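There are two complexes below, and they share chain A, which is joined by chain B in the first and by chain C in the second.
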Partner chain A sequence: MTRFRRVIDEGAIWVLAAPLSIWAAHFLLCYWVAAIWCAKGWDEAVRMRTVHAGLTLAALAVIASLAGLARRRYRGELRVDEAIEGDSDADRNRFLGHVALMLAALAALAVVMTFLPTLVFRQC
Partner chain B sequence: MTWTDRLAPPPQPDPAAREAEKQRLIATWKNREGIARLTEVNNTTVGLWYTAASIFFFAFAGVLALMIRAQLAVPDNDLMTAHFYNQLFTLHGTAMMFLFAVPIFEAVAILLLPGILGTRELPFPRLSSFSFWCFITGGVFVCGSLFFNAAPAAGWFMYTPMSSDPRLTGIGTDIWLLGLSFIEVASLAASVELITGVLKCRAPGMRLNMLPLYGWYVLVVALMIVFAFPPLIAGDLLLELERAFDWAFFDPTRGGDPLLWQHLFWIFGHPEVYIVFLPSIALVATMLPAFARRPIVGHSWIVLSAVGVAFLSFGLWVHHMFTVGLPEISLAFFSAASEAVAIPTGIQIFCFIATIWMGRVVRGLPMLFVSGALAIFVFGGLTGVMVAVVPFDAQVHDSHFVVAHLHYTLIGGALFPLFAGLCYWYPLVTERMLSDRAGRWSFWLMFIGFNVTFLPMHWTGILGMPRRVWTYSADAGWSTLNMVSSVGSFAIGAGFLVLLVEMLRPRRAPAKAPRDPWKAPGLEWVGALPSEDYGLRSIPLVTTRYPLWEQPDLPREVEDAEWFLADAPEGRREMIVTDVLDGQPIYVQRVPAPSWLTVGAAVALGASFIVATWHLWMLAGVSMAAFIALLIAWLWTGTARPPEAASKDVGRGLRLPVYASGDGSCGWWAMFITMSGDLTAYLGLVFAFFFFWTLHDPFPPAGAGLPQAGWLALSAVLLAAAWGAVWGALRVNRAGGRIAAQWLLVAAVPASMLGVAAMAQALMIAGLDPTRHAWDATCWVLVLWIGVHVGIGALMVFYCVAGISFGKLTPRWDADLGNVTLYWHFLALSSAITLALLGLFPVLGIAT
Partner chain C sequence: MIAGRRVHFGFPAAARRRCARIAAPLTLLALAACDTPTSMLAGAGRDAVLVERLFWIMLSAAALIWVLVNGIAFYAARTEANPERERVARLFVVWCGMIVPTVVLVALLVGGMLLLRDMRGPRPDFQVTIDGEQYWWRVGYDTPAGRVVTANEIRLPAGRTVGLALASTGVIHSFWAPALGGKMDLIPGRTNRMTLTPLEPGRWGGNCAEFCGTAHAQMRFEVEVMPAPDFDRWLAAEAASARVASDAGLAVFTSAGCGACHAVRGTGNAGTTGPDLTHLASRRTMAAGILPLDRDTLAAWIRDPAALKPGALMPAFPDLKDDAMQPLLDFLTGLK
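Entry: the complex of A and B
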C-alpha cells in the first residue's frame, strides 16, 4: 500500500481510529451473539457466555497490541499534562501516539464494561 | 530540510504593486450584487444565510413550544384540538432537531471553519450553496405544512405501525419522510464539504498537533453525520415504500416488524444527540482560552474524548428502546455503553473546568453563557446516567422526566454554548459589539426561565405525567407544576427575544469593534477590519497551536501580503490544498464562482421530493430530470477543467500544481466520504435483512420463493464485467488510449443494466412479490438499491465519455474518471453483498 503510506504508516491516523473500532466490533458481535442465541435458542450447543468471554479476550488482545504500537512506533506516553505542540514530524507523531494510546485505554475500559453484563445475566 | 526551509524571503515592499494585487483579489472574490447575490457561494455569505435560516427555524419551533406550554398550563384545557397539539409537538421536535440543531452546526462551521483553519474557502463552495438551498426549500415545506393543518403528527420519531398505515396518519407523515430525507441530503452534502475541509484545506504548516480543537470537533461530528444519517435514510425509504406501494416491512401480519423502524431510527437518533452536542462543546473549547488567558488544559485529552464520544455514541441506540421487550442481556450491553460514554464526555468538562481553574479568567458575555451551559449540562448529564440504568428508565420512560432530561442536555450542552458563540463571533461577522447589558438580561431571563420550566418536569414525570398528552385531569395533581413550567417557558422566549432584537436592531453609529476584541489566539481574528470578501489578504504559514499568541507578527505579515496566494492574476478564486498530516501544500484548487445552476439544482431536487409527497410520479420524474441536467451543467462548467498551465507560483518561491486527480484531489476524498455514507445506508437495508432473519425461523420463510440461481450468476458476471470495464478505462486512458477508454466505458453501461435486469428476473421467476411478505420486500429493496446505483453510475460513465470527446478529460487531466472509478468500486461491493444475500444466504439459511 505505498499509495496510502502517508496516512497508514508515516502518520498514526489509522491507529487513532483502530482501538474504538475494535470496541465497536466487539460491541456489535456481543449484541448479535446475544440476539441470535436468544432468538434461535442455541445456548444448548455452545454457551453464550463462553462466546462472549472469547470475544472479549480477543478484543483486549488486539487493543493491547495497538497500544503497544502507539507506544513503540509513535512514542506515545500515558501522561496527563502533555501539550506536544512543537513544529516537527516527531512532535506530530508523538501527539497522535499520545491520543491513540489514551484511546486504547478508553477502548479497553469500554470493552470490559460491555462484558460485565454477561457475568450477571444467566439467560435471555 | 523541510519545505518551509526552502521558502524565499518576503518580497520587497512595493505599494503600487501591492495595491494592484489587492484590487485583483477584490475583483475576483467580490460578492454578487442585487438578485444575483442569491447565487453567491462564498463561505462567509452562505454561512451567514445558513445561520440566519437555522435561527429562524429555531424561533419557529420555539413558538410551537410556547403553544404547547399554553395548552398544558391548566388542566382540562381545550385551547387547541388534540390533532393540532399532535402536530405541534411533532413539528417542534422535528424542526428543533432537523432544521435547527444539525443545520446550525453546519452553518457555523461553513461560516467559521475557513477562518479558523486560516484559508479563504471550503473546498466545494457550490456544494455549500446547494446544501443551503436544499435546507431552506425542505425546511419551508415541512414547517409550512402546519398552516394547512397537514403537519406530521406522529411524534418526531415517527413510530411504526402508526406511521406506516396511511389510514392512521395522513399526508403529514409523507411530508415528514420526504421533506426530511431531502434535508438529510443537505446535511450530508455539508458534511462532505466539512470533512474534506478539515483534512485537506488548512493553512500551510498546520500539522495535526496544531489543528485547533474546533477542527477536530468538526471532523468528528461531520464523520458522525456521514455514518448516522444514512440508516435513517434507509428507514425512510422502507417506510415510504410501505406507505406508497404497500411493501411489507413493518406489518406483522405479513412478516414485518414495527421494531425495525425503531432500530433504524435510533441508530441515527442517538448519535444525533452527540452530533448536536459536540459542535457546541467545540465552540466552548475555542472560546475558553481567550477568557482564561491560557492554552486549554489537556488538548490531547479533548481530542481523545471527541473521538471517544463519536464512537461510543453509536452503541447507545437501544437505550431509547429499553421497554420494547428485547432480551435483558441485550439491554444490559446498551446500558453499559450508555454509562461508558459518560467517561469521555466527563473528560471534556473536566478539561474545561481545569482551564478555568488554572487561568486568569476575565469576564465577558460569552463566558457568562458558557458558565450557564456547564451548570445546566452537568445537571442533564447526571439525569442521563440515571436513565441509562434499565430499571430506572422503565419507571420514567415516556414521562416528563425524560422531557426534562433531554432539554437539560440539549439546552445546556448545545443551545447555551451556541448563544455564547453568537456573542463571541458577532464582532467578527458584523464588526460591532453586542451590548453587555442586553446580553446579561437575555442570559438571566433564559437561564432562570429554563430552570423554572424544566426543573419541575422532573417531578411531573415522577408523578406519572406521560409525554405527548394533549391535556390532563385536575385530579392528577400535576396542575401547579405545569403552570410553573408554562410561566418559565415564556421567560425563555422573552430572553431569546432580547438577544434577537439586540443582534438585529439597526444602529446609527458606525461599526467600531476592534480587531480581535477578546484577545483570542485563533486565526479567524487575524484579518483586518473592515474585512474584504476575499477574507485573508495572504494565506499564512502556521507553526504554532495558538498563532495570534505565539506568532505575534502574523497579522502584519498577512496584511502586508508576505505569504501565499496574495494575488489573483488569472481572476480565479483559488485556495491551497494541503496534506492531511502536516499541512504541507499539495496543489492549488480553483474553486468555482457563483452560479444559478446550484440554486436551480437544489430547487429542482426539492420539487421532486415535494411532489412525490402527493404521489405525482410523473412530475417528480420531470423535476428529477431537471435536477440531473442542472447538476451535470454545474459539474461540467465548474469542476476539474484542464488548467491553462500545469503549475503556478503561489508566493515565496513556492510552485504548486493547479490540478490533481486520484487520491490527491479533494474531489476523490469527497467521493470516498459520500460513498461511505451511501454504503452505510445500504448496510441499513442489510441490517433489515438480518433483523428479519433473527425474527423468523426459518428465514427465508417456508414456502417462500427463492431467487433463481442461474439468473443471479449471470447478473454477477455482467456486473463484474461492467466494473472491470470502468476500471480498465481509467488505466487505458491514463496510458493514452482515449478511444479504447471510451469503448470500455460505453460497454460498461449495457453490461451493468443487463446485470440488474438479470437480478430482477431472478426474483420475478421465483414469484417474489414485495407486498406479500417481508422476505420478498427485503429482496426487492436490495435489488432496487443496486438498480438505482447502476443508473447513477451509467450517467457518470456517459459524463466521462463526453469529457473525453470534448477534451475536458484527457490522459493527463483525468480527475473525473478517477472519481467515477471509485464510485464503481463501491457499487461493485454492494452488488456483491446483494448477490450473496439473494443467492448464497437462502441456501445456508435453510441448512441451519
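Entry: the complex of A and C
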C-alpha cells in the first residue's frame, strides 16, 4: 500500500471528504425513506420518524468517530482561528486534522438540520 | 487596509438627489401594488395572513442585519487598524460570522416549518376540485346531491375551510390566489391537496403560476368570497339546471355543435372538453378571467377566440350569420 500511502493511510486526505459525504448520504437516505415510507403506507407499522432518528444517530456517530480520528491521528484542534503556517509533514497533518474537525462540526449541524423537518411534521 | 488611510463612501450630492427623485415614485408605485386583489399582502385568507407575518418578520430582520453589517463596514473603513484588538476581532468573527448566523438560520428554518404545518393543519369543511385545462379552470363543488361544475370563477364562503383537490389532464399548471393563501401545482396523473380559509369577503384574483403554453398569462381566475349564507344560496342555485331564455338560441347552440364541448345542464348538451356554461351569465368575466362578459365580447369570442386570446383551443365560428348569432347570444346571456 506504499504507493497510495497518502490516499488511505498516514496523512491521507479522505478524512477531509468523509464528514460531508456522510451528511450527503444521510440527506439522500432520509429522502428515500420519506418517499418510500409514505408511498407504501409503512408509517403505520414503523414510524418514519423512528427510522430518520436512527439514521441521524448513526450519521452523528460516524461523524464523531471521524472527528476523534482527526484529533488523535492528525492532532487536529477545534480552534477556529488556529494558524498553521509550517511546511513540515507534521504541520500538514495538523492542518488536515484541523480542517477535518471543522468540517465534522459543519456536517453534524447539517445532519441535525436535515432531521428537523421530521420533528416538526409528524406525518407523511 | 493601509493604516491611517480613510475610505470615502460619500456620493456627490447631485447623484444622491437624482437617486431620491427616481426612488420615491418607484417606492410609491410598489406600495400601491400591495392593495390589489392579487396582492399577497391583502391578507384576505388565513394562510395569507400567516405568510404575511413571516414576510414582515423576515423583511425586518433582513433590514436590521443589512443596517448592522453596513454600519460595521462603514465603521471599519473609517477606523484605523489596531493590532491590540485582534483578539476582540477574532471573537467577533466567531460569534457574528458563525454562531449567530447558525442560530438565526435554524430559527428561520424551524419557524418556516411550523408555519407550513399550521397551513396544512385545518380539516376542511367541504371539498372543491379544480382541474387545470389549457387555458382555463374547471371548478367542481362536491355536494350531498352530487358535483356542481362551473368554470373560472370560484365562490367560497368566508370563515369556512375549503379543501382543494388540484389535478390536471395535460400539462402542469399552478393554482395561486395570493390574497388568500399559498400556491400549489396541478400535476397530470396525481391529485395535490391544499386548504384555504378565506376571511375577507370580496373579489380576489388569481393566475396560473406555472408556464403551461401560449395563453398561460391569460389563464386567470377570480375568487369571490361571500358571507356563508349567501354562498349556500348561490351553490343551491348553481346546482339547478339551466334557464333557457331563447329556444331559438338553444337550437343554434345544439345545431352548431357547441354541445360537443360545452355542457348546459338540462338541455341535453353535455360536452366536457370546454367550460360548463349552465350558469354562464352569472359570471362577471369570460375566457378565464381576462374579458368582461357582455354581448359584444361574446360575439367576438365566438367568431374568433384566438383573436382575443392567442392560443385558445376553441375553434372559430366566423360563418355564423347574424340571424343565428343574435338568438345564440340571447340564449347565452340568459343563462343566469
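Here are a few things to note about the model shown:
The rule is simple: the second predicted complex is superposed on the first by the 120 of 124 C-alpha atoms of A that agree within 3 Å, B and C clash if a C-alpha of one lies under 4 Å from a C-alpha of the other, contacts with A are read in each partner's own complex, and residues count from 1 in each chain.
As a working rule, a contact is a pair of C-beta atoms (placed from the backbone, for glycine too) under 8 Å apart; a residue touches a chain by one contact, two chains touch by 3 or more.
Nothing here was measured: the structure is a model prediction, and the numbers come from that model.
In the superposed pair of complexes, A:Glu82 makes contact with chain B only, with no contact to chain C. Between chain B and chain C, B touches the greater number of residues of chain A.
In the superposition on chain A, A:Met113 makes contact with both chain B and chain C. Of the two partner chains, neither chain B nor chain C is touched by A:Leu29.
Contacts of A:Phe121 after superposition on the shared chain: both chain B and chain C are touched.
By the document's definition of touching, of the two partners only chain B reaches A:Phe95; chain C does not.
Residue overlap on chain A between its contacts with chain B in one complex and with chain C in the other: 80-81, 109, 113, 116-117, 120-121.
Put simply, chain A touches chain B in their complex at residues 3-4, 6-7, 10-11, 13, 16-17, 20-21, 23-24, 27, 30-31, 34-36, 38-40, 48, 80-87, 89, 91-92, 94-96, 98-99, 102-103, 106, 109-110, 113-114, 116-118, 120-121, 123-124. Chain B meets chain A in the complex at residues 205, 207-210, 295, 297-301, 303-304, 307-308, 311-312, 314-315, 327-330, 332-337, 339-340, 343-344, 543-545, 579-582, 663, 694-695, 697. Considering their complex, residues 90, 93-94, 98, 102, 106, 109-110, 113-114, 116-117 of chain C touch chain A. Residues of chain A touching chain C in their complex: 80-81, 109, 113, 116-117, 120-121.
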